[in-house]
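You will see chain A twice below: alongside chain B first, and alongside chain C after that.
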Partner chain A sequence: MKPMYVMALASLLYLPAKAQTFMTRNGKVNFYSKTPLEDIKAENRQVVAAIDLGKKTVALTLLQKNFLFEKQLMQDHYNENYVESDKFPKAQFTGTITGNVGTSPGTYKVQISGNLTLHGVTKPVNAPAELEVADGKVTGKADFKVKPSDFDIKIPALVKDKIASEITVQVLAACTALSK
Partner chain B sequence: MQRRIIQTIFLLLVCTRMMAQDSSLMKMMDDAVAESQQGQVVTGTFKATQIVNLPTVESPGKKSLQFMIMHRFGKLNGGAYELFGLDNASIRFALDYGITDRFSVGLGRSSVDKTFDGSLKYKLLQQKQTGMPVSVSLYGLITNYTQRYTDKPYLDARYRTAYTTQVIIAKKFTPAFSFEVVPSWIHYNLTPTPEDKNDLFAVSAGGRLKFTKRMSINAEYNYLARNQVVSTKVYDAISGGIDIETGGHVFQLVFTNASGMVGPYYLAKTDGSWGKGDIYFGFNITRNFNFKK
Partner chain C sequence: MTRKKTILFAAVFLCLVAGGTGYYLYNKPRTTAAEAHTDDSVTARELYGTFAKDEKTAGKLYENKVLEVTGTVMNVEQNGKEVSVLLAAGESDSGGVNCSLAENTDPLPKSGETIRVKGKCTGFLMDVSLVDATILTTK
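Now for the complex of A and B:
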């Protein structure tokens, strides 16, 4: 009798895991640097993001070169001098969701903690996030701050006043259920 | 016992299925990223819009204005009397404006022959991560010199005009190393003597090697096909220098045997020889201004 019980339980675990994975290829990540001298903002609309409500995990991958800046020169400098996109083309985040999140439609305030890898450096990141669950869709929103210095991104003294020491990052990923 | 085995196998199966699903999700994400990476345009082939004199595939971005000062001192072999050339100078000011990210227009004025120039640059092809192996830009330049020659009253605007057309084929081989080959066609409306050709052909090659993120060594060689300019002795323009980039500025410190800084001059009127020490020290400074919002 006992093995049957285990098997049933295992099946239960297995089944929901299939329907609770959501993914998008058009997630959005923005970042802002505000200083009295210059405001810099960039947007990446080709972020690949996945949310697994069953395992309560999230993952995010983006290409640095897909960040679009208002000024081409800023974009060139970002890729060439700061994040070195040729050497480190991707930035990645993998993390877990803590807090109550259900499968029924609604908005859930959660905490996300995980590791952010960019410029070849991995650092832990924690951020409050909002998960909006709808039919076959989960939209994740999060704001957090990163310090370029934490990721070994050196800013020369000459432009130090133009780049904020803390950069605000905004994530918006509208993921749809994976059908298999 | 048998049940135990079935149970274990079943659990194992479930676990592997779940793991397989997880890794396939990661794979899907990686594939999606790799897919968008493939079509990606290679950027930053060169830092500046010219290596020393030779134009690169780069142009100012949309709504961005580039102001450039090109400056050459006199010849190094002028010796201490001329302070190794520092007593003399020739200069070119230029403004280049990006109408789109791929198309720019430029205006310039050189002190050599008091020459005005107008130019167009169009990025025809852009190197991609996969697929397109090179970037190709087209560069057209019209020059008109305004130096007064009282002994040549017949020199009207038409006679003073020359056209330079260049096809710039560049490739960024590694993040640090880029190379370009540039066939050029120069047309003079008037040549100094009838023996000189009105249509001249030259082939240039140039490259850069970054040694830090913001500095690179550059060199260019401009080969002018022989027997085209016969009335005066001309040399191939060979130039080298260092790029230093600081935010919105690019400084280029250069050594060259060409005193001219636009097509018809450095390609076909270079009278200096490296061997004789006719070397000009100089610099190019570019500054970018943005008009976007």
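Now for the complex of A and C:
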């Protein structure tokens, strides 16, 4: 049985103006936590992303367990204690694009606004983004900050000084035109 | 006095061992799938089919396991040093098994080739996800 988020993505993807719909299953989301005591970085290379230039919508979904850390213990803590990946395996974002974006090749500075669901909590997110339109390809880039506390993610007091109160999230999705 | 010294020495020694173990565990690099023992071997068709049919049951069988997956290459995507290989689930499905390779591979597999990939299964989105993957054989 296909899960709900796949249906939501499919509904975004299979609407009219298919030529303006772009997607990837290998988008990238990195996040960084920087404190005087420790820098933490994690990378997820299997983000499913869809951009519809006609409807000016964007959707991303990812598996929490696809975030890879340098240190094993950090990865274990992230999945088991912080985002509780077995309970909340996916994170997703759906939003709209504001600003001028065309189908002709070029780089367009836009604003993305939407809802981020993480750890079972949904919060609005607004971020400046860049859409690079090339022949048959749209590459979306965005940076924004997320506060773990906004998503009910509890950081134990023992490691509080090692994890930033605001995490920087970087999104890079090189989407290709849907062939259908 | 000697007994006190022995106890003190033992306590200091134990503290050092505990501290050293803690430091080692804290800084231990992530274990990649290539280094880990293979838990199960399966075809891409079977793996995708099990997840598409019942994600929960499939999750219990395969999630967090190191798998060796055999399948036909449907697509290869390269972004700089990062390579992702999509193994076909079958002729009628658009999804498959998406393998993020841990390291660049040369030569890259080609569409239509049958390969065996070892990686860690992390769940199901559009495809079954395999991360930290390494190509074992190409036919």
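Basically, the second predicted complex is superposed on the first by the 164 of 180 C-alpha atoms of A that agree within 3 Å, B and C clash if a C-alpha of one lies under 4 Å from a C-alpha of the other, contacts with A are read in each partner's own complex, and residues count from 1 in each chain.
Heads up, the rule we're going with is that contacts are C-beta pairs under 8 Å (C-beta built on N, C-alpha and C of every residue); 3 or more make two chains touch, one makes a residue touch a chain.
The structure displayed is predicted, hence computed values, not measured ones.
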{"item": "Fit-or-clash call for chain B and chain C when the two complexes are aligned on chain A", "value": "clash"}
{"item": "Most chain A residues touched (candidates chain B, chain C)", "value": "B"}
{"item": "First, second, both or neither for A:Val48, with chain B first and chain C second", "value": "both"}
{"item": "First (chain B), second (chain C), both or neither touched by A:Glu84", "value": "first"}
{"item": "First (chain B), second (chain C), both or neither touched by A:Lys123", "value": "neither"}
{"item": "First, second, both or neither for A:Lys160, with chain B first and chain C second", "value": "neither"}
{"item": "Partner chain(s) touched by A:Ala174 [first = chain B, second = chain C, both, neither]", "value": "second"}
{"item": "Touched partner set for A:Lys109, first chain B, second chain C, both or neither", "value": "neither"}
{"item": "Touching partner for A:Leu68 - first (chain B), second (chain C), both, neither", "value": "second"}
{"item": "Among 60-68, 78-86 or 222-230 on chain B, the segment whose C-alpha atoms clash with chain C after superposition", "value": "60-68"}
{"item": "Overlap of the chain B and chain C footprints on chain A, listed as residue numbers", "value": "3, 6, 25, 46, 48, 61-63, 65-66, 70-73, 75, 89-90"}
{"item": "Residues of chain C touching chain A in the complex", "value": "25-31, 52-55, 63-64, 77, 79, 82, 84, 86, 98, 100, 122-127, 129, 131-132"}
{"item": "Chain C-facing residues of chain A, complex", "value": "1-3, 6, 9, 25-26, 28, 45-46, 48, 61-63, 65-66, 68-73, 75, 89-90, 174"}
{"item": "In the complex, chain A residues that touch chain B", "value": "3, 6-7, 10-11, 13-14, 17-18, 21, 23, 25, 46, 48, 50, 52, 55, 59, 61-63, 65-66, 70-73, 75-77, 79-81, 84, 86-87, 89-90, 156, 158-159, 162, 178"}
{"item": "Residues of chain B that touch chain A when the two form their complex", "value": "3-4, 6-7, 10-11, 14, 17-18, 21-22, 25-26, 28-30, 32-33, 36-37, 40, 43-44, 60-62, 64, 98, 101, 174-175, 213-214, 245-248, 288, 290, 292-293"}
